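The structure appears right after this line, and notes come after that.
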């Protein structure tokens, strides 16, 4: 699992998020930071700046059975897939697909509103728009959302709008760094909440273990 | 994981298929046979006959954290979901969603051609038709496909048509009893092959472990 | 025309609703109650509980030229079709299709909000979502909506929202027991209102008479 | 029911096609010929040349409760609707919608291949493309198809391709003048065949009788 | 470029709107008024009344390399195309397609609300609904919108709603006579604004010059 | 107009292709080669390797009113748009949108089959799949297709399949270096052929001139 931004705190959060899925007999899960990445991925430029570094990282790995790109924009997903025979998963893709198993229509909590057109464009590319209830922003920085005290309250407020006004039956947390809010958010909203990093690891395990 | 048909051999095949995902620290995976089910689910009548028994089974379980309905028609999926606070997964849904992580468009190998309109209708219900390359039948009985010697050869022939003529980049095996053919089929075709029962168990583990 | 719930009052309402279509030279229209049905169909469990009884009823009929399932969830439609060479119509399907002849986008008045995801899923299965303006609930029980005095007022309020806020150019009454409200609702809203039971009988007559 | 071409033989065929639906207690069905129409409607120019004459005819009628435009291009449908408070039905629209009650995907038999892009454009306008199996031409003139001896044989050949190669589960005869071939075609193909003029009259009766 | 209404002031506005695209070495741009047209095209009847006159005009031209129909309903587009080997452009089609190059989802400013269902139907025919953010009306007459003083203010108000509430990233001015408001509207809204007549001339030049 | 590959011969071909659109009073058209680009863009890696260099080039330009990225994969389109207030056009987007003005459904001639899934994914992202007739490959290298003698013959063969078998009414040449084949291909096929570089320049002129 590669965190394409260079913020080690996010990578540490990933480790904790996916630790419950690191079974003794299962695949080893290694979370690493992309050295060349920006500190956070908030723009298209940030996203596009990591595609080739991710490709290089994937090509250089000779003992990795599956890769996960841990950024909700799934940067470099297709170029990474082209560069390896191993499966490559994107957390946005896996998060959304997992949400489809929990409700007829899902909502997405974005960090910032400027990411939403990029996410919508990606959902349309995946052919999944018919199942989207809506996407709404926290309007926080990635840093704030990961560490700030008011984050959960804001997520509950936004999640409630997605549920009540947009008709979402499940929520995808649209960021790699929100896993610790999953359970309290689920309890507050009363509908399933998907952490996309956990969703991606589970799908990767399914692919690896039964080889 | 409930096999909605009453064929114990199929249930035993499920046990073997998902055994690699039964981690010591992970959730226990119990495969059971629906006593009231028909011997195989080949028609709409078969599928509809098990919906209420599946609901009853789900309601009666007080120590189950997630359910998987192990039939590629996902019979009773919505009525089971209505009857429990635990997540309920259908193998068709999970198989197809997992295929979307491996290729732009996927193909489905059906047992019989008469199931295809039912599957297409269900794919349209899921809003996923834009990603379907095609579905083609083996034209075998479930029993034949599970045990017959020529099954793998026939699967390779049908899978090749899905790949070459329909443009499928990944294949979903459209039946609960085909898991042992997954690996040789994947090697013969050179594209990912998804066993839907394994896909469903992986997604269920992701949901359960991180609760 | 089979009322899949066991409420004889609903069946009697059906008889009155479709009586104008019972022409002397036309097909005889028989409205009957499904003995095994629940008192009302308000949940997925209710809907799934009648599918096999409907199949049995259809199979047992040897002098029926067409069947109509008179519940807005169209329960058992496909399993009934599988069991007979005669055409089988669902009132939801016929109601929606008839609405498409009257306006570019239609709205649906549901009895309860919890039915809406089920209806939306069914509309997506039919491939007709592009024409849906919206669906809004009365939030009444079937019994209330059929007999209560305030029903028409509530229907006018909900229908007005569908017209004004959602842009509906025609309204489908999403229940088998609302026929007597059709004309006054149409007059109040100023746009066509479709009773799905009448729509289904008309389409069935077209199929039968020209055989 | 207005035949927008000036071929009286076609109008006479309409009379015979819909005669079984002219119930004594039901609405009177009057089939008339549009005097200003071309002899057949085979081009976009033919279709557009009748829109305003159809509007005028509809406006001039003061004792007509519903109108049917009996040409498979539904020329003037929207301008006619704008000109009257009575419902206006198009046979293409009603034929296709009725086919949706009989099969998951339908096929259309066109007279000539040059009409097919026009029909496809219209199906896309109706939002119904997801249910189209395919459309194939007879490559006959309207006159030939209405009277020629080999018409039925050609229809069976084309219908068989729609069924076998395109996966059509029902067939719409894409012309106003094919009603007499409906039953033999249905028997030859073994799947439902829809005459769009009869479908439209049935839907109109449903609308009128229950006013 | 044919103005299908008989209002010479609109034609004069077209001349001014497209004058910057009349390059000395480029194709000559002739704006003319359709003599038989209504004074404005505000209804389906207006639109359908000009289709055959437009066809006649196109057929009569022997020295025209491309035609543009300058009305946002694109009346007669297909019948004109059928009547000439030269390309025929509609301003609505070109305006919307050009908007797709400037934003993920676009909004349309209509003159009157009653045109909106006609425009939506046309967008669905073009298969472009997935990119529509919304369409909202000025509720002015064509004459008012072309000349009235308050037009720009009203356009800014409506454009702001399309941007803020519907999420439009670009605006199409849904009328042939609004070109002079383009630049101030763009400045006020801060997102691209498309004049459909200019968009159509540019696309026509591309087609002609490189022949 | 930036050729994102470093093949100067392709850039020279662009100059010739768009020269007829370089009007004396119009915008100056400068075709330049991206120094950092690969020799040809045939893979996802090639495409992703130029996104950030394109962004840098766009940011560095202080006297450019509009940008065109001249590669049929539209690499870096969104990151370039994020980096400038000037409009940025992609030739694939403009080529396809222009094709929509010439036919109901279009076909694409690709250089190699391995590009087709990338193009399809992009078409789905644009929401334009409903208008695609098909895409078929020449199976040549970019170099061969630009210079080889047999290129036109192969294009005619592939274009004929798109027209006859897939129903394409217009053809988009899916490469930046095919402009000189446009006219003979159009004459051979009898349907419009779009050169995407010319289409993009025309749309850019429309945007610039009327500022």
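Before moving on, here are some points about what is shown:
The chains carry the letters A, B, C, D, E and F, assigned in the order they are written, with residues numbered from 1 in each.
Note that a contact is a pair of C-beta atoms (placed from the backbone, for glycine too) under 8 Å apart; a residue touches a chain by one contact, two chains touch by 3 or more.
Predicted model, so just to flag it, every value in this text is computed and none were measured.
Contacts with subunit E and subunit F are shared by A, D. Fewest steps needed to get from subunit A to subunit D, stepping only to touching chains, is 2.
Relative to the C-alpha centre of subunit F, the farthest chain centre belongs to C. Each chain gets one centre point, the mean of its Cα atoms, and the points for subunit C and subunit D are 26 Å apart.
Taking the mean of the C-alpha atoms as each chain's centre, subunit C and subunit E sit 42 Å apart. Within subunit C, residues 121, 124, 126-127, 130 each touch two or more of the remaining chains. You'll find the chains touch as A-B, A-C, A-E, A-F, B-C, B-D, B-F, C-D, C-E, D-E, D-F, E-F.
Residue ranges on subunit D touching subunit C, taken from their complex, read 17, 20-21, 23-26, 87, 89-90, 93-94, 97-98, 100-102, 126-128, 130-131, 179, 182-183, 192, 195, 198-199, 201-203, 205-207, 209-211. The residues of subunit C lying in touch with subunit E in their complex are 104-105, 130, 169.
By the touch criterion given at the top, residues 117, 120-121, 124, 129 of subunit A touch subunit E in their complex.
Across the interface of their complex, subunit A is touched by residues 43-45, 47-49, 51-52, 55, 76, 78-79, 81-83, 118, 121-122, 124-127 of subunit F.
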